[in-house]
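The following block contains the structure, expressed as structure tokens.
To keep things simple, chains are lettered A, B and C as they appear, and every chain counts its residues starting from 1.
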């Protein structure tokens, strides 16, 4: 496969091509003191896949996502990123990119909202827009606020928001910089029916665009329909991986009937 | 350190200490002005040498841990810090015991004493900090960072005190570092320092071994807890 | 993104948060003022005594107030795990640390600028004539306090009894800074006020040593 000399790392808006991110975990182990969160996990996720992370609580899903987000360093093993660009005329294979560059392309929706309670919605978004070096800040911020249904609350402190509103803003914040790799840790928590529908719509848009998504969730979630691959963690180990083939539907049916 | 080495090692150090003690009490000549009380000098000075050496080892261990991330450097760090604090405490107690009858004051804030006192406070803080962080990895990392800052502070403490003393001359109370020493006294002091340093190393090695045993027990405990919940092997899509 | 730019974004965020809640500034100011007033209750100094003990008292008040004020730098980030949000961004760990140090410096300096004139009035000290040089001494001393203090705030954020541990770790380490700052301040409030170059150089050296050490260890402070 032809490889480009260097994979341009830029967002869709500026160059007209989209940079998709793949992540691979090689023999990754993570322990917090005496507790092993992950043991010997090897998993390669190709750019553009929509991977659903399943497993009981405490299986290590959150730790795996945090490793991908570069918030946590593995006790053993490595986490590597590769970027593939897809433009109107050509498609390149993945070139590995350094972790620092990958950060620019990663978006995270975690258990906590990652929002400052004493800043307004738009101040929160502006802070992160600046930290990610985004240029068309005002346009992006108002688009984000419109998208999550909070334009009227732009100048209200996050402290005054309900749980659902906070979660929507958190999602808007995560998507602000058009991430090529989106890491979601049970993103449906706290969302009402309307919010869930909006999330599913955004995720489907991202998938169409070519972003890679890794989402940890429960077997009953609606967004499962978007998935191309499922991975099951139990006790910190990778126990099942449907790969990119059609075993996914069978697995999901089985899990749904179990729950 | 294996059992084979420990017993002769301990016996040797005990003999050294005995020899040093004997020399300090009976061999060293009587001091002109202070007489008997001066003999505490043969334990006071070595305790300071031992504590400073231990703290320096702790400093190197802290750096070692941050660079290599191997737990054994953390074990060395905490062992050296503890030994250093004990030696320093002995020094801080024997000092005033000696000072009061001879010079009339329990304490003075000269450069050496101030540095010793602050050093003692810093490493007690180090040990307290360790006691309050539960997760072992974080405990090792954060205490190593503090240990480095603490040690870097020491020359600054010394310098600030010297600078202050040049600006505000005080009567020199305790014998300055350069005061002459009778040759026999010098030899006895040398023996005492050597004996106490050997004692310090012995205790340090024992303490280190205690840490490594603790770690081993933790590992065994984890292994035991892991066994019954062994998960099924990975089934990759391609194998089916 | 350059470290300086990222740090300034973080600084702006810290300032905005503080201006909105104003918790720190008020508390720091009142606390330092209380320390100063209580000393005068305890000693009722004459003019000569004021000049002798004043600088020491002033800096002790700043040290105590400062070490209490530094704690929220990292403790505040624990609600909603906003520190994670900062670490996710494509900025260096040093930028995060530097931004917080700069913010703490500004807060403490702001408190000092209010306290020093009050102090001068209460103790009849001739501050006005040496104002410029005094600001230099205040800046260097505060910088050292804030650099070590912010690092230790990051450390103690993960320990139990955090509010107590921070002054416990910080004050012994700042002992040489205290001596230097007090001496430099005292020489400015003498009968023949002069800027003591050796103490000022010492303060600058202290700041450089600890800033360098902070840069070297910043990744260890924020990692998981």
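We adopt the following convention: a contact is a pair of C-beta atoms (placed from the backbone, for glycine too) under 8 Å apart; a residue touches a chain by one contact, two chains touch by 3 or more.
From a predicted model like this one, the values you see are computed outputs, not experimental measurements.
Chain centres were defined as the mean of their Cα atoms; on that basis the chain farthest from subunit C turns out to be A. Every chain gets a centre from its CA atoms, and the centre nearest the mean of all protein CA atoms is that of C.
Counted by C-beta pairs in contact, the busier of A-C and B-C is B-C.
If you average the Cα atoms of subunit A and of subunit B, the two centres end up 49 Å apart. If each chain is reduced to the centroid of its CA atoms, subunit A and subunit C end up 40 Å from each other.
Chain centres here are Cα means. That of subunit B falls 31 Å from that of subunit C. Residue positions 223-224 of subunit C each touch two or more of the other chains. Across the assembly, subunit A contributes no residue in contact with two or more other chains. In subunit B, the residues touching two or more other chains are 134-135.
Of all the residues in subunit B, the ones that touch subunit A in their complex are 134-137, 218, 221-222, 226, 229, 231-238, 240.
Contact residues on subunit C toward subunit B in their complex (touch as defined above): 148, 151-152, 155-156, 158-161, 165, 168-169, 172-173, 175-176, 179-180, 183, 198-199, 202, 205-206, 209-210, 213, 217, 220-221, 223-224. Against subunit C, in their complex, subunit B makes its touches with residues 66, 114, 118, 121-122, 125, 128-129, 132-135, 138, 141-142, 144-146, 148-150, 152-153, 156-157, 159-161, 163-164, 167.
The touching residues of subunit A, when paired with subunit B in their complex, are 31-34, 36, 234-235, 237-245, 247. Those residues of subunit C that touch subunit A in the complex are listed here as 1, 6, 9, 13, 16-17, 20-21, 79-82, 84-91, 223-224.
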